[in-house]
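Each chain gets a letter, A, B, C and D, in the order it is written, and its residues are counted from 1.
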Amino acid sequence: DGPFALIAGPCQAEGVSHSVEIAATMHEVCRARGIPYVFKASFDKANRTSLGGKRGLGIERGLEVLAEVRRQVGVPVLTDVHTEEQCRLAGAVADALQIPAFLCRQTDLLLAAGETGKPVNVKKGQFLAPWDMPNVAQKIASTGNRSIMLCERGSSFGYNTLVTDMRGLPQMAATGYPVIFDATHSVQQPGGLGGASGGQREFAPVLARAAAAVGVAGFFIETHPDPANAPSDGPNMIPLDQMAGLLDTLAAFDRVAKADPVVLN
Amino acid sequence: DGPFALIAGPCQAEGVSHSVEIAATMHEVCRARGIPYVFKASFDKANRTSLGGKRGLGIERGLEVLAEVRRQVGVPVLTDVHTEEQCRLAGAVADALQIPAFLCRQTDLLLAAGETGKPVNVKKGQFLAPWDMPNVAQKIASTGNRSIMLCERGSSFGYNTLVTDMRGLPQMAATGYPVIFDATHSVQQPGGLGGASGGQREFAPVLARAAAAVGVAGFFIETHPDPANAPSDGPNMIPLDQMAGLLDTLAAFDRVAKADPVVLN
Amino acid sequence: DGPFALIAGPCQAEGVSHSVEIAATMHEVCRARGIPYVFKASFDKANRTSLGGKRGLGIERGLEVLAEVRRQVGVPVLTDVHTEEQCRLAGAVADALQIPAFLCRQTDLLLAAGETGKPVNVKKGQFLAPWDMPNVAQKIASTGNRSIMLCERGSSFGYNTLVTDMRGLPQMAATGYPVIFDATHSVQQPGGLGGASGGQREFAPVLARAAAAVGVAGFFIETHPDPANAPSDGPNMIPLDQMAGLLDTLAAFDRVAKADPVVLN
Amino acid sequence: DGPFALIAGPCQAEGVSHSVEIAATMHEVCRARGIPYVFKASFDKANRTSLGGKRGLGIERGLEVLAEVRRQVGVPVLTDVHTEEQCRLAGAVADALQIPAFLCRQTDLLLAAGETGKPVNVKKGQFLAPWDMPNVAQKIASTGNRSIMLCERGSSFGYNTLVTDMRGLPQMAATGYPVIFDATHSVQQPGGLGGASGGQREFAPVLARAAAAVGVAGFFIETHPDPANAPSDGPNMIPLDQMAGLLDTLAAFDRVAKADPVVLN
């Protein structure tokens, strides 16, 4: 078992140079550590808390940015999809697709994502139990596509709060599919700022090291050179210049975890 | 203030005669009680727990069924929509549209529903607080369509369980939009049967009378002549022959509530 | 079935004249409405959020106040107990005892309360399910004392928040013991003010009318002539001069509920 | 920073030879690993789910067992206390006292425990937020006793379920008091077996390694040579012969964590 993989990038694609900067930095940081790296950016924030939240570049321009990142930096790219049509368009450009948590029960979307043949990272809905995810994976797998990742990003815990149940990681891994821990959305405070979601960036590394110790196949971490001025998810993204240190920490726990993995019964 | 309105029907449209039977029965029951009635049926269950769950008739056949109900029984009809394209198609046939709870943050869907000009009933996501709903309503209202209903259907409470916070009803009503209480989905046990959602039918009237006492503009209740053999949501639907009695109960509480409404502060 | 009973009074006994004022007012209000009334006051707030919170008069002085209320106003009195010794002392003066929610699993306390032979009102712990309460009641009943009331006061829902699951009322009633709804503690925000618990007084009547519609044997409502200056629970107590109106509302729902009670299968 | 400390032993003291066996085994295991060890056993299970649950040896006999363990094995001993009187009696024998989670807000108990001058391990109530614990610690510290440990053992998450929020560990550590992670009660399923609490023993090591990675001063782990036949908490105790392996795992994570501790802001 090698080290974990990393899916990282800004919440939104903000333009070619911005995305390339992040991707190139992360590519370098990950290569130095032997960590397989996938660049992530959204072309559309389809479910902002309020209408005034910035939506993103749109699919056409967003996919161009992803293609440029791929071309200029030479890393695989992942983006999230919200409709069957987006699966087809994004599947032609991106190396992997992602199903947002709110949409993880939408059968047609899961099937369309599966049919692209691309790896699919499905976020576990905040309203689902870990043991509900085999049914979700099965929808994708029914297309013959078994490149499926199951991603933990927290469970609803009262209002405007998420909690991460670390038991869910091995429970989901029991499916046989790799499990990804989304460290930055797990510390979101959904709707907590009224017109936007808040976040607790300082706890993302806390939960990430816990997840590393439990054992995961990969991490999903949103990062930005200047989170305070990011158009979305600023309160929970990790500053780009802190990513190397965070990965060193996680890699240290990962080595211990991989040498002595959790075995349930 | 007249009595509450009722949105009721089977979880899925199963065919013309089946839907007409339910609609005609409910139409009669409601007319006798002065309750405005809207027939509800889904043409597509887009988010079944597992792939094997029955999806429904599909949009084309499903909308035909709704049109027949409208024509034969003379009641307005409502159906739920999952994509922008469905908004346009269903908006041409149905008298009102409904946004499923999981999709209540999908901006494009809310805008497309709003743009039909038809009344839109938005279910509150199981992952949202009541005070998050004004942002949801505002997305629809931005289209100029202010025929919006906000619908309570329970909040995530641990795993495979929902809880209804009755405080949410007047909190949502403070938006000025009518509030609907969904009595049958509020007693769902999501994923609780492994490959399907369970339910606690016996508690639907319990929560409904509580909601009536708090005060609501309407109820959403799924009903079926034979819930045990329904293709979905059987465990929480109310048997059709119990609806008259339930409405009598709710009407009695509603009269008291409307005569002495909740005032916050 | 007559109307519900009412347990009401200030959070803390603050002195004879203060308690007598409240008891006399409530006695009058309840007599006019045919509502059996029990005066409630605590002699000790044993579990304040922080050390600086006012504890109360102490058991000796507190029981004197209760005895005076009983003598001067002629109403039965209830107080809460925290130790076996307090059961014996309070049991000699009070007409009924109450077990605080945090202590509802302490076997010796339940037994000691039972052994007084006085009616015991047990609050359901914020950490318990309704179906856990038969075990609690059984501890008291094992003493031969079957004058037991089970009291709903909310369940933990994330941090610093409670939610009331109205399904719990008939579930607890299935034990055969009368169920009391505590309207004012159900709207507490435990620890929500840092050094003290907050509260949402405006929602106490909302939850109370919901509970009345579901059907309860009685209500527990803390009231105070000047909540803003009460030594504890000010944010959720009902102003004394609003109690008559609230009882009228609840009585109206209660009449409907008692005429058409909830039947679970 | 040395390794974490360990508080471990059976849920209940079952007798001298039984306790000595466990203490001697753990003493050996811990000494070999440089882990400071404290034997733990309860003399009274004061809050069993149901009346029929075995209560334990009682305080007199239980304290004799603890004294024997101390004498024969030469390890410090801890036990939990439920009343002020028990604080005085147990404080004269035990090296440290523990406040059960349900009782963590009982001011008199906290003060009495503090006044013994012995270290006090306070379990965080299942109904409290991490940021509520400074108020709890302050009650003990007001006695001049600052040997306080704050112990995480899970938060209420729906019915009959606990969830561990790993963010709570550094939040509580911000008080300056050492934080203990209770690995076995965190996987309890309170009341989940009807007349008894269930548990998920297999997840105790999962949560423990997560906590080790986040960083804790110590662990609390209940262990038994034959959990299936233990009088209480059998479903979540760790078999005694698995403790050495578990501690090796935790020590490996602890070393990484202590070399690179969590820093909040």
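The working rule: a contact is a pair of C-beta atoms (placed from the backbone, for glycine too) under 8 Å apart; a residue touches a chain by one contact, two chains touch by 3 or more.
Predicted model only: the values in this text are computed from it and were never measured.
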| field | Co-neighbours of chain D and chain C - touch as defined | value | A, B
| field | Same or different residue numbers at the chain A/chain B copy interface, by half rule | value | same
| Centroid distance [mean C-alpha coordinates] between chain C and chain A, Å | 48
| Centroid spacing, where centroids are CA-atom means, of chain A and chain B in whole angstrom | 33
| said: Rounded to a whole Å, what is the gap between the Cα centroids of chain B and chain C? | reply: 36
| Can you list the chain D residues in contact with two or more other chains? | 155, 157, 159, 163
| remark: Within the complex, chain C is touched by chain B residues 155, 157, 163-167, 169-170, 187, 200, 202-203, 205-207, 209-214, 248-249, 252-253, 256-257, 259-260, 262, 264-265
| chain D-facing residues of chain B, complex | 157-159, 161, 163
| query | Where on chain B does chain A make contact in their complex? | reply | 46-51, 55, 82-84, 102-103, 105-108, 125-129, 131-132, 135, 138-139, 142, 155-156, 159-160, 190-191, 195
